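Chain IDs A, B and C follow the sequence of writing; residue 1 opens each chain.
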Amino acid sequence: MACLLGELAEYAGCRLKGNPSIEIDRVCTLHDGRPGGITFLANRKYARHLPTTTASAVILRSEDVSSCPVAALIHDNPYASYARIAGYIERHDTGQAPAGGIHATAVIHGTAKIGKGVTLGAGVVIGANASIGDNSAVGPGCVISDNVLIGENADLHPNITIYKQCTVGHNALIHAGVVIGADGFGQVQDKGEWIKVPQLGRVVIGDNVEIGANTTIDRGAIEDTVIGNGVKLDNQIQIGHNVRIGDHTAIAGCTGIAGSAEIGCRCTIGGMVVILGHLKIADDVHITAQSMVTKSIKAAGVYSSSTPLQTNARWKRNYARLSQLDDMARRLKELERQLKAGG
Amino acid sequence: MACLLGELAEYAGCRLKGNPSIEIDRVCTLHDGRPGGITFLANRKYARHLPTTTASAVILRSEDVSSCPVAALIHDNPYASYARIAGYIERHDTGQAPAGGIHATAVIHGTAKIGKGVTLGAGVVIGANASIGDNSAVGPGCVISDNVLIGENADLHPNITIYKQCTVGHNALIHAGVVIGADGFGQVQDKGEWIKVPQLGRVVIGDNVEIGANTTIDRGAIEDTVIGNGVKLDNQIQIGHNVRIGDHTAIAGCTGIAGSAEIGCRCTIGGMVVILGHLKIADDVHITAQSMVTKSIKAAGVYSSSTPLQTNARWKRNYARLSQLDDMARRLKELERQLKAGG
Amino acid sequence: MACLLGELAEYAGCRLKGNPSIEIDRVCTLHDGRPGGITFLANRKYARHLPTTTASAVILRSEDVSSCPVAALIHDNPYASYARIAGYIERHDTGQAPAGGIHATAVIHGTAKIGKGVTLGAGVVIGANASIGDNSAVGPGCVISDNVLIGENADLHPNITIYKQCTVGHNALIHAGVVIGADGFGQVQDKGEWIKVPQLGRVVIGDNVEIGANTTIDRGAIEDTVIGNGVKLDNQIQIGHNVRIGDHTAIAGCTGIAGSAEIGCRCTIGGMVVILGHLKIADDVHITAQSMVTKSIKAAGVYSSSTPLQTNARWKRNYARLSQLDDMARRLKELERQLKAGG
């Protein structure tokens, strides 16, 4: 069933130029527009596709409206408006409520509290004293251990494991294969062998958090690992014990954060970044992909440490010199001294 | 039950030097040969083990046959011939067909289509309108969501999750813990918070694809994420939304590919490589381990960006100079100027 | 139920200064001490919290006892003593034995051997001829394939997959989402396509091994992949086929080890390290985070290859020069020659 363009404009707070009765039933791209499709123009790189788009409507900034051959929804942040409208269409299309119901094969401990409108998939295990908030859905194969608390409107995809005592806030979106609350890596050496340090803290996750597939978040050693409100984590991220991540920070895939690192609010951290433990990163810090953070970062800003790609032949010549760099620096200084003395 | 050497030679198109009636029932290494064992010599590094091998037969190139003390199967590509023969022995040994049958605890939606000879393990969940092709096997704990299509002769190991609408071609081999079709990482900032961009595309996977354990492939945002025919992915790879990977490209473990990257055909990508988003890599590009690709690569060839290992003491001296490198380059230029002026 | 301080001191071999009848029922931190709580002082960085701690007892070195306002347990290795005591309190608290029993939904092959006191969670699958040692626990959703052997006192968390024929020693602690024994990445090129090399070896894991969440360990190609006794692996580590890891080596999260690498005993390997294949690392080697090992390491010591973080503005200037480094080295040499000739 289609939505009306006027209804979408109103929902997302956009100014409409065009017919409010146009029916929209899908999203599409600017270069591959479809009848009934809505799209957006945010990145100037794609502006060349606007004059010829065959979408039924485009969300764009006011300066682009004159080049738009079809109906336009005008907003300062077209991508955010697109996100809102796409979500609206998706919910309209599938019906907002999940399938609902508790599968006959779910194994629920007698002391667990299951809220109203909760969906539990096949083979789900809910432990003693665990609690699943109203209207939350837990996918097949998930294991929710004893004393875990999950808020309302949470959406847990299949095969997730949450260890005992961890808590997850409202509106969580957690993807398949995620592990929350496994032991932190606490090992202490004694006479050439490793003794395990028991991991007795929890993982405490705020509201409106998204966690990508196969990401792992370890429980604290004594105190808790804490993920703030509105934090967004991509796939295959590893978060060590006692890490604290501030509100509205977003982290891209494959990044690893070692124990007791403290990350500020509104940071963005690129993919495959390494953040060492026992350090502190200020609010509003942005770290580019494949960087490594070894010390605290005290000032907001953008930071990097990755090295440029070259053809393998040039790389061999240039990067081999890295083992002579200190020597080169000393020789350069000596030449300067000689020239100065000579001059 | 053993195979005859003559039968193996014929199957793999090798020239046989020796007795075709020798019985072969296992593979072994050159340096740890066993009676009834077949092995191969491809890498010259191991040629010193050939004269003393106690294997029953060796697959090798014609130039090595004179040093071989046992039966020889001669072929230009001994490793490929070994791969074929080992597969033949394995199938001969275990029987080609999987155990077969649908486990009583599998949960299959009434509208799902299950092909002939399909094996479904304990606790498997098959969603509405999903389709599993003939002779495919789905291991225990896998969740195959609504409208997923899986081709024939696919082999899915345990605890895999495939999200709704994704498609997998024929002869797929997918290892445990893989997640296909989780949401891409689409987040847009609006007044200091993140708004989720709905991920409405699919993952479309070609024929003859292998996917390693715990690898994750995200669904597209609007259009699809596409994995070509014959692509081979190792473990713990992360593939972002709308990535396209060309036919017969192979990627080693732990590599991460950001959204909308387009990778050509017949590429090889080493382990722990980072490929940023919205770029294009040509056909026949080879990227060595731990490199980062930040721009499009237009020409076939080998590319690198990793840095050389040193003792920690030398590393401290040399790599600290990286923060002076621009300064060193300017001072070097100034010395050249002075010397030229002086000369 | 609380433990007595005297009992803890005796258990961990500590000298007690204070009242042996003090009741201890939890661990806490030095700066957030609780009545009934025990903590430790190992890192001098935290010594400033000692004089004001409100814990009931502190484990520390003899030189710190005079600054301790509460009961003290004195030991040369306070962190190791803390680890022992925390484990003791945890077992005392929860009861040493796991919940016990075989869940009604577990699917156990008729030929499998299940030891005494074994716990099998909901939906566990145990294959033909598999064996689970006495007092071991297997969490919900685990799949233990045919012919797998697991020792005594093993603790397997939920949703683990162990492929056929692999073996795990006594006292294993394996976290959720781990995959043991998936195929190694063996692919051989033949006329532009990849042929799969069958992976016919096993994974053989020693005693007292811990494996972190979502870590993957591939089976060998012909011979086995071998993990020694007392090895400790963090989360999301990838271990390729035929890797051998020596006893008591510890590896931090996200590290990837390529096929046939051989790592010595008592090594420590930092997070996100890449170790290429077919090389050998000596005993007692320590590799810092984000390094890459491309050649064998023959001597014990500390090794590194990561690059320093800078502000993005400085990074752009400095790291761009890496593509001129060979040129800079040649020009420096030429200047030295000119100056020498001129002098």
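Simple rule for what comes next: contacts are C-beta pairs under 8 Å (C-beta built on N, C-alpha and C of every residue); 3 or more make two chains touch, one makes a residue touch a chain.
Fair warning: this is a prediction, and the values are worked out from it, not measured in the lab.
The two copies, subunit A and subunit C, are related by a rotation of 120°, based on C-alpha atoms and rounded to the nearest 5. At the interface between subunit B and subunit C, under half of the residue numbers appear on both sides, which makes the contact a different-residue one.
Inter-chain spacing, taken between the CA centroids of subunit B and subunit C, is 26 Å. Touching of two or more other chains is recorded for residues 105, 123, 141, 159, 177, 214, 236, 254, 272, 306-308, 310, 319-320, 322, 324-325, 328, 332, 335, 339 of subunit C. On subunit C, the positions that touch subunit A within their shared complex are 27-29, 32, 39, 77, 79-80, 82-84, 86-87, 90, 103, 105, 121-123, 139-141, 157-159, 173, 175-177, 210, 212-214, 230, 232, 234-236, 248, 250, 252-254, 266, 271-272, 289-290, 306-313, 315-316, 319-320, 322-326, 328-329, 332, 335-336, 339, 343. Within the complex, the subunit B residues that touch subunit A are 105, 107, 123, 125, 141, 143, 159, 161, 163, 177, 179, 182-183, 185-190, 192-198, 200, 214, 216, 218, 222-223, 236, 238, 240, 254, 256, 258, 272, 274, 276, 286, 288, 291-295, 297, 301-308, 310, 314, 317-322, 324-325, 328, 331-332, 335, 338-339, 342.
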